[in-house]
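Chain lettering (A, B, C and D) follows the sequence in which the chains are written, and residue indices restart at 1 in each chain.
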Amino acid sequence: MAEHISRRASEQASICLLEQYQAVRSRSTALCEPLAVEDMVIQAMVEVSPPKWHLAHTSWFFETFLLKPHLPDYRVFHPGFAFLFNSYYEQVGPFFPRSQRGLISRPSVAEVMAYRHHVDTAMARLLTQADAARLAELHPVLLVGLNHEQQHQELLLMDVKYNFFINPLHPVYARPSPVAASAALQQGHASYEGGIFPIGNDGHESFAYDNEGPRHQVVVEPFRLAKGLVTCGEYLEFIEAGGYRDPVLWMSDGWAAVQRHGWCAPLYWERSDEGWQVFTLHGMRAVDPQAPVGHLSWYEADAYARFAGSRLPTEAEWELAATADNARQELTETQADRLEPPVGGMRFFGALWQWTASPYMPYPRYRPVAGALGEYNGKFMAGQMVLRGSACITPQGHARVSYRNFFPFEARWMYGGVRLAWDD
Amino acid sequence: MAEHISRRASEQASICLLEQYQAVRSRSTALCEPLAVEDMVIQAMVEVSPPKWHLAHTSWFFETFLLKPHLPDYRVFHPGFAFLFNSYYEQVGPFFPRSQRGLISRPSVAEVMAYRHHVDTAMARLLTQADAARLAELHPVLLVGLNHEQQHQELLLMDVKYNFFINPLHPVYARPSPVAASAALQQGHASYEGGIFPIGNDGHESFAYDNEGPRHQVVVEPFRLAKGLVTCGEYLEFIEAGGYRDPVLWMSDGWAAVQRHGWCAPLYWERSDEGWQVFTLHGMRAVDPQAPVGHLSWYEADAYARFAGSRLPTEAEWELAATADNARQELTETQADRLEPPVGGMRFFGALWQWTASPYMPYPRYRPVAGALGEYNGKFMAGQMVLRGSACITPQGHARVSYRNFFPFEARWMYGGVRLAWDD
Amino acid sequence: MAEHISRRASEQASICLLEQYQAVRSRSTALCEPLAVEDMVIQAMVEVSPPKWHLAHTSWFFETFLLKPHLPDYRVFHPGFAFLFNSYYEQVGPFFPRSQRGLISRPSVAEVMAYRHHVDTAMARLLTQADAARLAELHPVLLVGLNHEQQHQELLLMDVKYNFFINPLHPVYARPSPVAASAALQQGHASYEGGIFPIGNDGHESFAYDNEGPRHQVVVEPFRLAKGLVTCGEYLEFIEAGGYRDPVLWMSDGWAAVQRHGWCAPLYWERSDEGWQVFTLHGMRAVDPQAPVGHLSWYEADAYARFAGSRLPTEAEWELAATADNARQELTETQADRLEPPVGGMRFFGALWQWTASPYMPYPRYRPVAGALGEYNGKFMAGQMVLRGSACITPQGHARVSYRNFFPFEARWMYGGVRLAWDD
Amino acid sequence: MAEHISRRASEQASICLLEQYQAVRSRSTALCEPLAVEDMVIQAMVEVSPPKWHLAHTSWFFETFLLKPHLPDYRVFHPGFAFLFNSYYEQVGPFFPRSQRGLISRPSVAEVMAYRHHVDTAMARLLTQADAARLAELHPVLLVGLNHEQQHQELLLMDVKYNFFINPLHPVYARPSPVAASAALQQGHASYEGGIFPIGNDGHESFAYDNEGPRHQVVVEPFRLAKGLVTCGEYLEFIEAGGYRDPVLWMSDGWAAVQRHGWCAPLYWERSDEGWQVFTLHGMRAVDPQAPVGHLSWYEADAYARFAGSRLPTEAEWELAATADNARQELTETQADRLEPPVGGMRFFGALWQWTASPYMPYPRYRPVAGALGEYNGKFMAGQMVLRGSACITPQGHARVSYRNFFPFEARWMYGGVRLAWDD
């Protein structure tokens, strides 16, 4: 009888996991619906991947870490895909150079879709056949796989935006949906006391990456944090005051980047006869001074903060403030996925990731998980900076107070903005 | 009455030109039939263009040089295409960077096809409406446009081959057709007397590029010319004798290229457990020692000739020999377009272009044609070498004894081979 | 009378400062004594500066920050030197590109020496003429200038070593002095308790850079620290175990650096028929397995630590351990400047700088000093890692427990080694 | 008796050769007299070599091709110099990378001078000990060695000029000598008949390089040639008419070079408040509109000729005109070496080398000499253009009607100017 109950519970769990799996997987293909086949192939800079590649790579992830080790009679879809769609897992095997992903036309989009179907069918079989013990074993890897696919959903939108931007025809990904009533702009700042506090994954989330822990104590001095993000209007003041021409505002490497790239505004901004325009997933439109400014490199975020007489917050400050302000509440209020940040309203989540003053380094006593999945986060802990919060294009359910996003200093194509901090 | 006759003659001429036009144009799209939409988008190196771009650029050519100046009410298909599909005509206007042609997904293939249709319809109108005087004016430009499109047909096949080669899945463009009986290998060499001879366009061809004239006298010393092309078997001897490791055989810049690129065999050759394989438009297959060796840079052609105790012929020698041997006859005997060079048979035409010892320079008293079309050939007369003859993929009717093809010293992706010469 | 005493005190202070000044300045030229004029000119990689440039730039520093603002009738030595010998102070004016410092032969060495003499004479005048108030004003800037010159003394030796290394004749900077009796190798490790501790400049030093403060609290968990540095013998095990060929040991960017540079040993190591040799300022010699291993990049230090089942210490851990162990004591025991690290003996100071796990970031509430001198440290707080301790070539009096040295991840030409740490 | 006479004749010949040798050799060191030791070390771009290197390399040439094979007990000066001072002779052995010649400070200038002395002493021994038969064998190689050293004398001056130019202090190599009375400007042009003519080394010179022959027939059509070189004043019209901004005037690769390098005037020209200045070996001075314009790339020479409604002459045209006009006469009239081209006077020789329309290719039936000396000229016959005549800095006795100088299309640091030609 107990066994019977257990079996039913296991079946329930299987069904529940499978539903989660299918929900995440179907969103990836839904995001590609507005795209032409041609759009699925291109890679307009080395950091970007073709949409087709995202669809295939996320399938390869399940194939590699779940189907091949756990589904006994699984047959790989194509022997060449392990090489083509491994991103960077050295322990799994060699991989195709990232810089050349946009140079290969085959497998075609249709073949990639067939690959996804093949993997999905096998995953359904794996999940429905698994008994409770097996499910318990698969569960953590499955969660990584689903969160991995959600990250690639965000990347896919970032990448499409960049790919479309460099095209002089400036294609439109989606017509804007009827605008929700904008919330009021968040203005002013809030003060937070200093002290010794814990930060990092507290174990109450259904999932967290290994890099969010271990939870540990930090000393924080009293600080203030802006209630809202820096707006395009505020950033325009920086531009017009000559911020991009004044080396005193910049880190040395940042100033070199300004010279090297000829930066004079955020990525996607273009000056026209009618003033500043910005490229969005809805096409070109006028810069809205009330909207949060995005697509800044860390160097620009840092230089702006210096210009404004402030600084970037540390990730500890950000997390403490978010905790103190019960920012998790925001996550349930966020409007379903939007393609561009809303004007006003959002504080910690749902508009733009927020650059911090913290290099992406392991927390004390951090250990990557064993095996190839340990390469997921750990090996990038050098030379990158942490962003906190989430963006409008971050999938529902993928944001957490302890979440640590990270990008190199010069990256601008992710949805990254600025929240200012001050010593108190 | 005379007028009536003239009108009918003009109508005949119009119809004839239009048929020529349609024949050439339809072949371009026919060449793309084996391609997936994805294949139409990519550009695997900077010298290559996406097939989609070839289809659009050749249409832009007619639009720019015939429709816009000559069809009064012509409406351009898309205002952005003048920028996207101008290749290099500075006098026409600015153009999109060549190196980024593979980064743009739009216009889609379907839009490019609509563009072609738009241009074809207008061209039919232009040609059928033109009176005799206008036709006479259009005729030379039309011929340039058609020959231009034929050149891009050859480029398209060269480019698809390269694009497919760098894909680890090695896609196949076309299954091999039933092989025609191979002709016997041409062996030995023929002697030619020295003297003073005319070379260059003699005016008997229905069309020739400006760079093929003016016809002029040259002094040539007695020489011998191989009857056939260097074969893969012969070239293998060079490889196995360490030809790629012996600097004495190479021009200084050529030796630097060998080091820089790590060359150790012709482009498309790969050593496998079963011996040397070569990538073709029919897929990978074993190197045939009897087949002519192709996809050599000028440096490799020159080094091989030195290794073989011979030299490359000058373009004058080549043209004199072809004239003396009545090579035009070959043009009528050539099998319709093939994708890879035949074994045996072909001498001057129809297998591989043949590198010469002649830099691509203007003939004495050469003047480029006036206007933007003068940029077609003239501005490339620096730093390139002449190839003579034609290749298996050269369109029917596009080869001539006076034809001067040209590529930079390091180029290997065109169908370029070697015919040896000796002083006599 | 009080005034008289004050004047005498002021004179005493002047004389004392001047003696310090002269001692530091004369050491710079003394370091160049073994060099030929030719050695003073070259720059074998962009990070390196010609010795001549170091001599001139350090003089420019005093000229710019003391003589021009404070010595009323000071005449600059040469109007062109402000451009040539400004290193990176944007607020002072434009500067000659760093990468081209080795391309200019003039001013000659003799002219640079005359420049030094000119500055030294003026500095003597400035210091002896200054009253107590003025001296108090000059004092902090003078100390920065002297510490700056000491840093360049260390750089000069690093740079000469690199310049000599790439010369196939491998010149020798100095014959080895009779070796002092080696101290015993430090083995094993020491445990330190966790807790909340202050780190940073405690104000008891006669000088500290702005980046060493403010002093602030940190949370540290219990840890162990190796008593000595990793030796060449231990590092050889890493090499022989294939450490340079195993991506699992490396950060992602580190692995890319290994591939890009072809690293297979520390800088200056060369494998010969008689085993591993290492280039030193005394010429080539056999690698001593007991000597501490130096000239590692951060990536190599990090990979080695992972290989050894340990990790790099944070800078807080390093400073706490050094404080707890009364490492300042070492500073008084250190043998006068040596050119290569001693075998055994030194723990925290006097052998090799020690890479830490800490990115070079501002301490909480850090503010750079006002004006151009604020560019000294502050603008490099992005993308570099901290090293602690000091090296054998660090000038006497230039080491401190709170000292924060910093270099980019890939830098190897400074004297950087490894001290391992473990969680406890 | 006959033997006695023969011995005396041989002694005479030895002495004569030795005097020639010493005259050439001593001029090389004399050219370095105005240089500081520091100037002897630097290499401001990859095409340039340090003066020290020129002095050593020319000595290595005699050591390698005469002393080692022919002086039985010769001891090489230093075993490392064969590697350091071989320029590009692959058959002799490996060589130090050209791009790094300015990165090595040792051997010092004094050591290089000792090397020269060592070689000179041995050469004197070789020449005085040789009997007639041996002398006859050595003679051709010795002549190559002396002409080689003369070429390096010209290179040395070119290189010093460039090295000094990039130094913001703009050092002066030599004060101008009292100016000789300028000859009148050569104006207008001369007509030459067409026909079939021989060109190339006619065997009447005491020395010629292998690339100047074999003498052979060429067909030349009637042409005109300017009597003088294009002047700075004429070239200024090109600049002011926007020549550097009009792509129609340029070869495609030339236009790309203009963009890439930002060319807007000849090398060494700088626009100042007082108008155009030009850097010379005598320092900066105002551009003289009457002086011939130099330091042009082939692309600029070609674009200017097109702008002027003319063209560059072929090397055959140049040689025929020089022969017809008895230009050899000029060689005896030329003022001893000058550092900058004279105003007026010189036609074919003694002012600036003159770019031709001829690629540097072998003459019909050209064979490089056997052995490593065959690398002297032959392996550069690809991708370079011929210049004819000579420059003011060309050593006395080093100019010939058949002399073929050659440089790549983009080179500007040699003394290269323009003589225009027209079809007649």
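Everything below uses one rule, namely that contacts are C-beta pairs under 8 Å (C-beta built on N, C-alpha and C of every residue); 3 or more make two chains touch, one makes a residue touch a chain.
Source: prediction; values computed, not measured.
Visitor: Among all the other chains, which ones are in touch with both chain B and chain D?
Guide: Looking at chain D and chain B together, no chain touches each of them.
Visitor: State the chain with the largest centre-to-centre distance from chain B, centres being mean CA positions.
Guide: Result for max centroid distance from chain B is chain C.
Visitor: Could you grab the centroid distance between chain A and chain C? Build each centroid from C-alpha atoms only and quote it in angstrom.
Guide: So the centre of chain A lies 39 Å away from the centre of chain C.
Visitor: Counting only Cα atoms for the centres, state how far chain C is from chain D in Å.
Guide: Computed value for the inter-centroid distance: 47 Å.
Visitor: If you average the Cα atoms of chain A and of chain D to get two centres, how far apart are those centres in Å?
Guide: That gives a centre separation of 61 Å.
Visitor: Quick one: label the inter-chain contact graph as line, ring, star, complete or other.
Guide: Here the contact pattern is a ring, one closed loop where every chain has two partners.
Visitor: Okay, what are all the chain pairs that touch?
Guide: Contacting pairs: A-B, A-C, B-D, C-D.
Visitor: State the interface residues of chain D toward chain B in the complex, per the touch definition above.
Guide: Contact set of chain D toward chain B: 88, 90-91, 196, 216-219, 221, 247-248, 250-255, 298-299, 302, 357-359, 361-362, 364-365, 375, 379-383, 409, 423.
Visitor: Could you please specify the touching residues of chain D with respect to chain C in the complex?
Guide: Residue positions touching the partner: 36-44, 52, 80, 83-84, 96, 100, 102-109, 163, 166-169, 171.
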